[in-house]
Amino acid sequence: MSSKLTEPKSSDQGFSGILARFEPVIGLEVHCQLKTESKLFCSCKTTFGSLANQNTCPVCLGLPGVLPVLNHQAVEYAIRLALALGAKITERSVFARKQYFYPDLPKGYQLTQYDLPYCQHGSMLLDSGRRILIERIHMEEDAGKNIHGDNASYVDLNRAGIPLLEIVSAPELHSPSEAAEYLRKLRAIARYLEISDGNLEEGSFRCDANISLRPVGTKTLGVRTEIKNLNSFRNVEKAITYEIIRQADVLESGDQVKQVTLQFDAAAGRTIVMRSKENSPDYRYFPDPDLGILSITEDRIQAVRSKIPELPEQKVQRFQEAFHIPAADASQLTAEKELAAFFEDVVRQVESIVAPKIVANWMLSEYLREFNARQWNFAQPFISSRSFAHLLKLLGQGTISGKIAKSVFEQMAETGENPDHIIASKGLVQINDSAAIKAVVDEVIGSYPEQVAQYLAGKQKVYGFLVGQVMKVSAGRFNPNLLNECLKEALHGKS
Amino acid sequence: MRELDPLALSASELAQEVRTGNLKAQDVASSFAQRVERLHRDLNTHIEWDKDSTLNEVDKQLAYIEAALYAQKPLPLAGVPIAIKDNIMVDSQTVSCGSQLLRNHRAAYDATVVQKLKAAGALLFGRTNMDEFAMGSSTENSSYGAALNPWNRRHVAGGSSGGSASAVAAGMVPLALGSDTGGSIRQPASFCGVVGLKPTYGRISRYGLVAYASSLDQIGTFAHSVRDTALLYDVIAGHDPADSTSSNHASAEISSKLDANFSLKGKRLAVIKEFMAEGLDEEVKQQFEQALEVYRQAGATIEWVSLPHISFSIPVYYILATAEASSNLARFDGIRYGARSQKPGLNLRELYMQTRSEGFGREVKQRIMLGTYVLSSGYYDAYYAKANRIRELIRREIQGLFAQGIDLLLSPTAPTTAFELGQKTQDSLAMYLSDIYTIAANLAGIPALSLPIGLDRKGLPVGMQLMAPAFGEEILLRSAQVYEQQTNGAEKFRPRI
Amino acid sequence: MSRIDRQTVEKVASLAYLKLSEDEIAYYQIQLDRILDYIKQLDGASDSLPSDWRADLVGFVSPERADVALVSPAVEKVLSSAPKVVGTAFQVPRIIE
C-alpha cells in the first residue's frame, strides 16, 4: 500500500524563497532508549545479543500467563529527564495497553502511557533564546525487530521490552536547523544525565517529525504530515527540508496537503507514504490491569533531584560568565559532557598562564578538528588534557610561537608524543634573545632598502613582508613580540 | 501395621500418613492413578492424562519428598495428588486452556502456585478440562468436549473449572486447582458437591495463570472439606514479586486455627435480598434456607440486606471481562507458539486471521469481539469507563456492609443445580445468568467460597456461597467449617460411582 | 432495535484479527446485538461517583523491582516448539510495508 508521492518540482525560488512565503511548523517526537541493566517489565539484559531472541524470557516473549513488573531504575531515569527539562511530574500516572497486531509486538499490545503520562510541560532553550515547549514525556516499552528476507521475515525480540522515554515537543520549531538543534540539545541532556547513549544510528535515539506549513504572518495551523524514524541528524534536516519543499509545491499548485504518515528514504532523499489518515489504526487503549499506578512522590523527586548534574544550559551560562567566552563557543563546548569536562580540566591546568578564551579557541579549532578527523573519544583520549594543557602553557609562556604550537599539535595528533619531546627533537624552542633577533632584523633591513623606503613613506602593508623575511631566517622560532619590537625600533631609527 | 486405603483418606490425612511413614507416597500415587485411569474418560475430566508420564514425574517428586522429609522440611502436601486446571503452567507439560489454538503447547515455566505445590511435596496429577480460555459456565465450551457431572452424567459439571470440580467430586484426586473470574470455581463446586474457594484478589499469585480477565482472575481450590481447602490455600497463598497485583497483606496460616474454639455467636450473617428473587430455583431456595437455620442454631444472627447496584453485576462483568480478554488473547497469534494455520500462501495478516479463526472456538471469538467493540474508538466511555464506575459502586456497597459490622454475606452459589448438557449452549445470555450470584465477589475482589449443603430431588448437589471482607479468608473458612461440623457435611457429599 | 449491523461485526472482527464465515457473521450479529441490548440496562444505574472519578487512579501502586539482569532458560524451550524458526528467529510471511 506504499505509494510514492510526486517529486517536488525543483523550486525556482529555492528554499529561502519558500521560507519567505511559508512558515514551517515542526514538532518532534523522540524515542530515547534508557540505559538500564534490565528491560522495563522483565529482568532480561538490554545489551544487544549477537543471536536473535537470546535476551528474552517468558515475559518479553509474551508467553501465556506472564505478568509485568516495573523496573525501578527506569522510573528514576524518567524522573531525571523530567527534572532536567523543567517539566511537571504527575504524582499518579498510568500504563495503558496500545493494541495492534504485529510480529515484533509479542503481547499484541505495547505497554505505554496514554492520557495520564508521568510528565508534562517541559521546555528546551534554543541558542536563539527561544524556549520550545515540551508537551509531554511518557514511559513505554520498545518493540522487537522484524528482519526482512527475500521470501520471509524474521522476528527478533531482544529489543522487545527495553525501556523508552517518548518526548513530544509542541509544534514550535520553525526550520530544519532548529529541529536539528532541538534534537542535539535533547540528546546532550540525555547524555549528561547518563540515562541514554543517545545514539541515533544504533536506534537508541529515534526521531519522528510532524510538519505543516502556514503562510507567513498567519496563525492557523496547516494540515500536517508525520515522518517516521529519522535515524541521523543529517536525515532529520534533509527529510524536513524535503517535506517543506514538497508541501510548498502542493500548496502553491492550489492543492491541499494530505494528512499522511511518511517514511524517509535516505538513499533516494525523499519521503514515501506509509499510511493515510483514513486508515489510521484504532489502538483501543485501556489501562493495563496487570499494573498499578506509577507513583512518583515529592520525596522521590527530591531524592533524584540531588543526583542531577550541571546541565548544558547552566554550563553555557557559567562558561560565559566565568571564562568570558562567547555564547556560541560555550554552546559548542558543552555539547558533550566529556568535552566540557576536558575543556575545564585544561583551563584549570593553564590557569594564570593562558586565558580560557585561548583554550576555547584551541579546543574548538585545532583539537576538535583532529578529534573528529581521527575519531578519537574522551573515554581514552589520544591526547590527554595534561599534554594539551602543557602545549598551551608553552605557548603562553612564550617558549613556542602560535604557529609552532600548531605544528607541534599536529605532530602530537599524529604520533601521540608529548610536546616537550617534539619541540626538543625538532629544535622548535622559541628564540627570546633580543640581540640575535636584532642581528637578523638589521640584515633584512639592509637587504630590502626599497621596501623599507616604501614603509617609511607610509605603506603599512610592507611591514608584514619584512616580518615574514625575518621569520623565514629564524624558521618561525623568534618570539613574535620581540621581533615586532626590534623591527619597529630599527625601522623608526631609520626615519 | 494396618492397611491404609489412600482413596479413603482426606488430603490432610494423606499428607500426615506420608510424613509419618505409615503410607508410602508411591502407593498413594498408584492408587489415585488407577482411579483416574478408570474414570477420567467417562467423565472427561482431563484434557491431559498420561498415567505413565504422570507416574514418571511423580517418581522425581518422590525423591524430593524423601530428601525433604529427611531434612525435616514441613511438606504440608507430602504425597498428596492434585489436579491442575489446564490454564496453569507446569513446566514442560501441555497447557491447552481447552483450546485448539494451544493443542500442542508446552509450558516453558512453572506458575508460582505450581512451584509452591512442588515445594510442599504435592504430586501433580493431570490437567483438567475447562471451558476454552475459562470462558463459560459448563465446560461445554471446551474444544475437548464437556466434563460431566459425576452425580449425573447427563448434567454439566459447571464451569469453567468443571474438570477440576468433577475430578475431586469423583475422588480421582483429593485436591485440585481452578481459576475463578466470575464464578468459575464456585459454580462447578456447587454443581459437583465439593468445597470451592476463590480467595481475595491479590492473595494468590496469578503468575503462570493464563489471563482471561486480569482484574478479576484468581486461582483457587477444590477439596472435599474445609480442612483440606485450608491446607491447600495455606500452601499457595502469599505475596509474589512476579505479580504486580499480588498483595503484601500478611497471610496468616489458617489450617492450624481450624477446629479450635470458634463460635458464630454474635456474628452477623447477611443474606443478599436481590439474590433471593425471581430466577432462583425453589428447591435451591429451600435448601439454602435450611442452611441459614443451621447457622442460626450455631448462634449467628441472620439479617437481610440490600445491595442496590448488585443487579448490574452481569452487564458490568461482561463488559470488563471481555474487554480485558480481547486484549489478553491478542498474544495468541501462532507466531511464537500455538497452532499456526497450515493453509498455504497466506500473507502476514491472513496468517494471523486464519490462525486465530481456526484456533479459537465460538464463544471465545464472541467474547473477543464484544471486548473489542466496547474498547473501540467512540465506545470506551459508554461501556468500559461506565462499567468500571458501576463496579466501584458495587464494591463500595459491599464494603459498606462489612464496615457496618456484617461478618459474612450469604447466598446460594447458583440459581439452580447442574443443568443438563446442551440446555444453554444456544443462548449465551442464559448461560451468563448462571453466574449471577458469584460475579459480585470478583468485581469486589473479596474472598468467597461455595459449600455443599444438600441434594435436590434429582440427586444433584446444592451449594451455598459465603463471602467475606477482603483478606477475610480465615473467618470465611472457619465459618464454613462450623456448618460442616453442624451437619457432618464434609463426608455427606460423595457421588456413588 | 438492532445496534449491531453487519458492517459493525465485520469491522470488529477485522480489528480483532478474526476471519469470520458468512454463518458466523450472521450468528455474531444476533448474539452481540442481544448482549449489548442486555448491557444497555447499565444506562439505568444511578451513578453517585464524581464525574472525574477514574478506576485507574484509585487502584494500588505498582511495585518496582531492582534493575538486575537475569538469564532465562525459557527461550530454548519456546524455540524448540515454535511453529516456524530459522536459526533462533521466528519466521513469518514476508512483511510488506
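The letters A, B and C name the chains in turn, as written, and every chain counts its residues from 1.
Everything that follows uses one rule, which is that contacts are C-beta pairs under 8 Å (C-beta built on N, C-alpha and C of every residue); 3 or more make two chains touch, one makes a residue touch a chain.
Here the structure is a predicted model, which means the values were calculated and not measured.
*Asks:* For the interfaces B-C and A-B, which has the higher count of C-beta pairs in contact?
*Replies:* If we tally the C-beta pairs in contact for B-C and A-B, the bigger total goes to B-C.
*Asks:* Taking each chain's centre as the mean of its CA atoms, which one is most distant from subunit C?
*Replies:* A
*Asks:* Which whole number of Å gives the spacing of the CA centres of subunit A and subunit C?
*Replies:* For subunit A versus subunit C, the centre distance works out to 41 Å.
*Asks:* So, what's the distance in Å between the C-alpha centres of subunit C and subunit B?
*Replies:* Centre-to-centre distance between subunit B and subunit C: 23 Å.
*Asks:* Just curious, how far off is subunit B from subunit A if you go by their C-alpha centres, in Å?
*Replies:* Chain centroid spacing, subunit A to subunit B, equals 58 Å.
*Asks:* Among the residues of subunit A, which are close enough to touch at least two other chains?
*Replies:* 58, 61, 63, 69-70, 101, 103, 153, 155, 282, 284, 291-292
*Asks:* Give me the residues of subunit B that touch two or more other chains.
*Replies:* Touching at least two other chains: 105, 108-109, 241, 244-245, 326, 330, 333, 335-337, 348-349, 352, 372, 376.
*Asks:* Tell me, which residues of subunit C touch at least two other chains?
*Replies:* Only 15, 17, 55, 60, 62-63, 65, 74, 78, 90, 92-95 qualify.
*Asks:* Going by the contact rule set out above, which residues of subunit A touch subunit B in the complex?
*Replies:* These residues of subunit A touch subunit B: 58, 61-70, 97, 99, 101, 103, 106-109, 153, 155, 282, 284-286, 289-292.
*Asks:* Which bits of subunit C are touching subunit A when the two form their complex?
*Replies:* Interface residues on subunit C, with respect to subunit A: 15, 17, 55-57, 59-72, 74-75, 78-79, 86-95, 97.
*Asks:* Can you tell me which positions in subunit B touch subunit A when the two form their complex?
*Replies:* Against subunit A, the touching part of subunit B is residues 87-89, 95, 97, 102, 105, 107-109, 111, 206-211, 213-215, 241-245, 323-324, 326-327, 329-333, 335-337, 348-349, 352, 372, 375-377, 380, 384.
*Asks:* Quick check on the complex: what are the subunit B residues that touch subunit C?
*Replies:* The touching residues are 92, 104-106, 108-109, 202, 241, 244-245, 308-309, 312, 314-316, 318-319, 326, 330, 333-340, 346-354, 356-357, 360, 362, 365-366, 368-370, 372-373, 376, 383, 385-393, 428-429.
*Asks:* Using the touch rule from the top, collect the residues of subunit A that touch subunit C in their complex.
*Replies:* Touching subunit C: residues 2, 36-38, 43-46, 51-54, 56-58, 61, 63, 69-75, 92, 94-95, 101, 103, 116, 146-156, 263, 274, 282, 284, 287, 291-295 of subunit A.
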